[in-house]
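These are the structures in question, set out in turn.
Heads up, the next two complexes both have chain A, just with different partners, chain B and then chain C.
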Partner chain A sequence: MALLRAKPSAPPESLPAAPGDDRASLLANLHSPEPAVRRGAARALTSHPEAAMALCDRLDIETSPSVRAVLFTVLIRQESPAVVARLLVHLRSDDAALRNGTIEALQEMRGTVTPHVRDLLDDPDSDVRIFAVNILGALCDPETPALLVDVLRHEPHVNVCAAAVDALAEVGTPDAIEALEALRTRFGDEPFLTFAIDTTIRRIRGG
Partner chain B sequence: MTISARQPRSPPTITEDEYAKFCEYFYRKTGIQFQDTKKYYVERRIADRIDKTETESFRDYFTFLRFQASGEELQHLVNSMTVNETYFFREDYQFEALVKGILPARTHNRSQRDPIRIWSIPCSSGEEPYSIALSILERWDQADNWDIEIYASDIDSRILNEARTGLYGARSLQRVPPALLSKYFLSRGEDSWQICEDLRNSIDFSLVNVVDPMQTRRFRNVDVIFCRNMLIYFDDVARRETVEMFYELLSPGGFVCLGHSESMSRMTSLFIPRKFQDTIVYQKPSKAE
Partner chain C sequence: MSDTTPQASGARILVIDDGITMRLYYRTVLEAAGFTVEEATNGVEGYEKAVAQSYDLLIVDINMPKMDGYSLLRAIRSEAAIRSVPAVTVSTEAGPDDATRAFQSGANFYLVKPVAPQALTELARLMAGGRS
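After this line comes the complex of A and B, so read on.
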């Protein structure tokens, strides 16, 4: 028979500690030339919240997608206002993968993101405002629908408004309908936006 | 004191647009997609959750679900939408993909001295790892040329003992052809068959909590991971951590097989989707760092 019995399982507690499991070694390993070592170090630092800024420093220069993925995941676990502030910087990056990873990570965070994102809704860069709306739309924060309605009322850029309309299709309440109707009037010559507004109103009303 | 029973309520109405909104949200959170043909099934379960949460309508329930920071209600909903049942050759198109596509890909240009490692997690009462073994023995014509190690893990020690014992009833064995039943199983009384000792001894069962890195460290250079219908029960971050751990444990070019309703693209972009036979599996890039 081709099947072999695998070596009997060693209970996990009997395994020797991996080399460099102390905090100083892990921090040093964040800068190893080997991506696997950097991933391992980042993952092991999950239980060291004091290492959050070192992880952010690494993310600033990291280019390997697999290491970035682990860094983002660990930083989600270590959510804090300081971590959020460091991540927001990457929304302005020219690197699309880094921007998208940042958006996904911020969408996973629960308690500390909204105040920072609210500030970004006034950013001079319309792309950053779109990202802010994308993040808001995925948060569990009950403040989200009101913030999105506020975007509809005051945002001058059509694409930012479109992102808010899209997000309201999921989280919008009947309170948003008036602002949606007003937006239709404001951007009446944008057929795609009119279509999106109709869909969102229908979703809010429930058909 | 007056005790009044809660008045039975008629099932809430869920409109087409509400159903579409719900399906989009549920897919985003879990990767599970419902076709229109499932509408009745989905509506019944939503109605049940509306009742259990004592919300008044779909709209109230959806708001509660959508903004609950703990995610507890989403977990209840996922549990009610999924069927936790296992049997031999469940989703057998993946075993077909294993022997027709995955194993040939993993053994191409490879030394026969390197064993092939397959990990089934969670293995529950053993139907999945034994189905893997049976599929390889019966349907892969190269099986005799390779050493194959099958690992099977679960977080539940009671169910692991059942897997090691390998006793099954007719319901578990409903998809096992009679020829395989007589070849690999021994009758142990009415409605009870035990898988043969050789097969029981060929699989390494172990107690593993997949989110504990200490407990997964011993798995290295794995060729194929079967992880079906487990990640849907995890929250988003635990799901990310688990698939990143899979990435670490797999050999470059190794594969992950998820349940039919699960999608890796909802969790990470580290893996490449590959189509084999009638199923999509996920491959760690061959040149992964």
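After this line comes the complex of A and C, so read on.
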């Protein structure tokens, strides 16, 4: 069976080009072989929020770190539930740079992220749950401390608990101390977790 | 976290990890064993410190902002002046592919979190030795 490759200059199907503006050329330039052209197109599409899915399409296949950086910056500005949903896919990527760029971008999107990330706290992959905790810990969401305490109470994986303890060192309140003490009982034979719990309780108490 | 084995005599270790508690843990364990510890909070800061100063061992987290551990190791291994500094990667990712990726990026050893204090100090002694 023959493999068909899309023409590099074709605009993505997710956003039909509108006649009479330069959006079509910007969308085409997102797929230019030149990273500088892709970077410029992505930056120029900042003022086209309707192009968000096209930018997400490009991020799915982009390999240049500098173009990725611009794509993330523009997508942060075009924050929406749809953008968040597209970015979350990259938390499962084998590409550590893409994964970590995604985490940083989601940490900047303070308005719409928490409900999506909350769902990931039940993901079967413990690394995805760790990333969810890392994102939550950086969001200034009033729900965050309670969600992290819930992780301490129910999470079976030591490294996910450790991530939650670390996040609580920054955002925890005295309400978290009881759950931290209970976690110490559950994982008393893990020196790092015991150390982290002690450190976090001390920070919450202002020590 | 007591350690009764002989103390390392001042070997310098750079810990590169975005977790504040994790960095404090490494520092506490390694300084108690006689190492001198410095910290970096992400891959970019880690690279800048590794280039600017001399270290006997790098302890590198994989998932970090600004520059991940794999990219950091590749950058260090391509820099002639520091390419031979031993490096241990530490990650929550325990799959064989993760270790392979770390070694291909230039890691000398791969540890999976959580790291026990004794394992950390013994590995540090083995890889960084001590300055007498």
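As a convention for this text, the second predicted complex is superposed on the first by the 186 of 207 C-alpha atoms of A that agree within 3 Å, B and C clash if a C-alpha of one lies under 4 Å from a C-alpha of the other, contacts with A are read in each partner's own complex, and residues count from 1 in each chain.
Note that in this section a contact is a pair of C-beta atoms (placed from the backbone, for glycine too) under 8 Å apart; a residue touches a chain by one contact, two chains touch by 3 or more.
Small disclaimer: the values here were computed from a predicted structure and weren't measured.
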{"item": "Partner chain in contact with A:Arg110 - chain B first, chain C second, else both or neither", "value": "first"}
{"item": "First, second, both or neither for A:Arg86, with chain B first and chain C second", "value": "neither"}
{"item": "Partner chain(s) touched by A:Arg58 [first = chain B, second = chain C, both, neither]", "value": "neither"}
{"item": "Chain C versus chain B, contacts on chain A by residue", "value": "B"}
{"item": "Contacts of A:Cys140 with chain B and chain C, given as first, second, both or neither", "value": "first"}
{"item": "First, second, both or neither for A:Asp94, with chain B first and chain C second", "value": "second"}
{"item": "Touched partner set for A:Ala196, first chain B, second chain C, both or neither", "value": "second"}
{"item": "Partner chain(s) touched by A:Ala169 [first = chain B, second = chain C, both, neither]", "value": "both"}
{"item": "Common ground on chain A, meaning residues reached by chain C in one complex and by chain B in the other", "value": "169-170"}
{"item": "Parts of chain A lying in touch with chain C, wherever the complex brings them together", "value": "94, 96-97, 99-100, 103-104, 126-127, 130-131, 134, 158-159, 162-163, 165-166, 169-170, 190-193, 195-196, 199-200"}
{"item": "Parts of chain A lying in touch with chain B, wherever the complex brings them together", "value": "1-10, 12-13, 15, 18, 34-36, 39-40, 43-44, 64-66, 69-70, 73, 76-77, 108, 110-111, 138, 140-142, 144, 169-171, 173, 202-203, 205-207"}
{"item": "Footprint of chain A on chain C - complex, ascending", "value": "1, 19-22, 24-25, 28, 62-71, 92-93, 97, 101, 113-117"}
{"item": "Parts of chain B lying in touch with chain A, wherever the complex brings them together", "value": "15-18, 20-21, 24-25, 28, 58-59, 63, 66-69, 71, 115, 117, 133, 136-137, 143-151, 198-199, 201-206, 212-215, 217-218, 236-237, 240-241, 244, 247-248, 268-270, 288-289"}
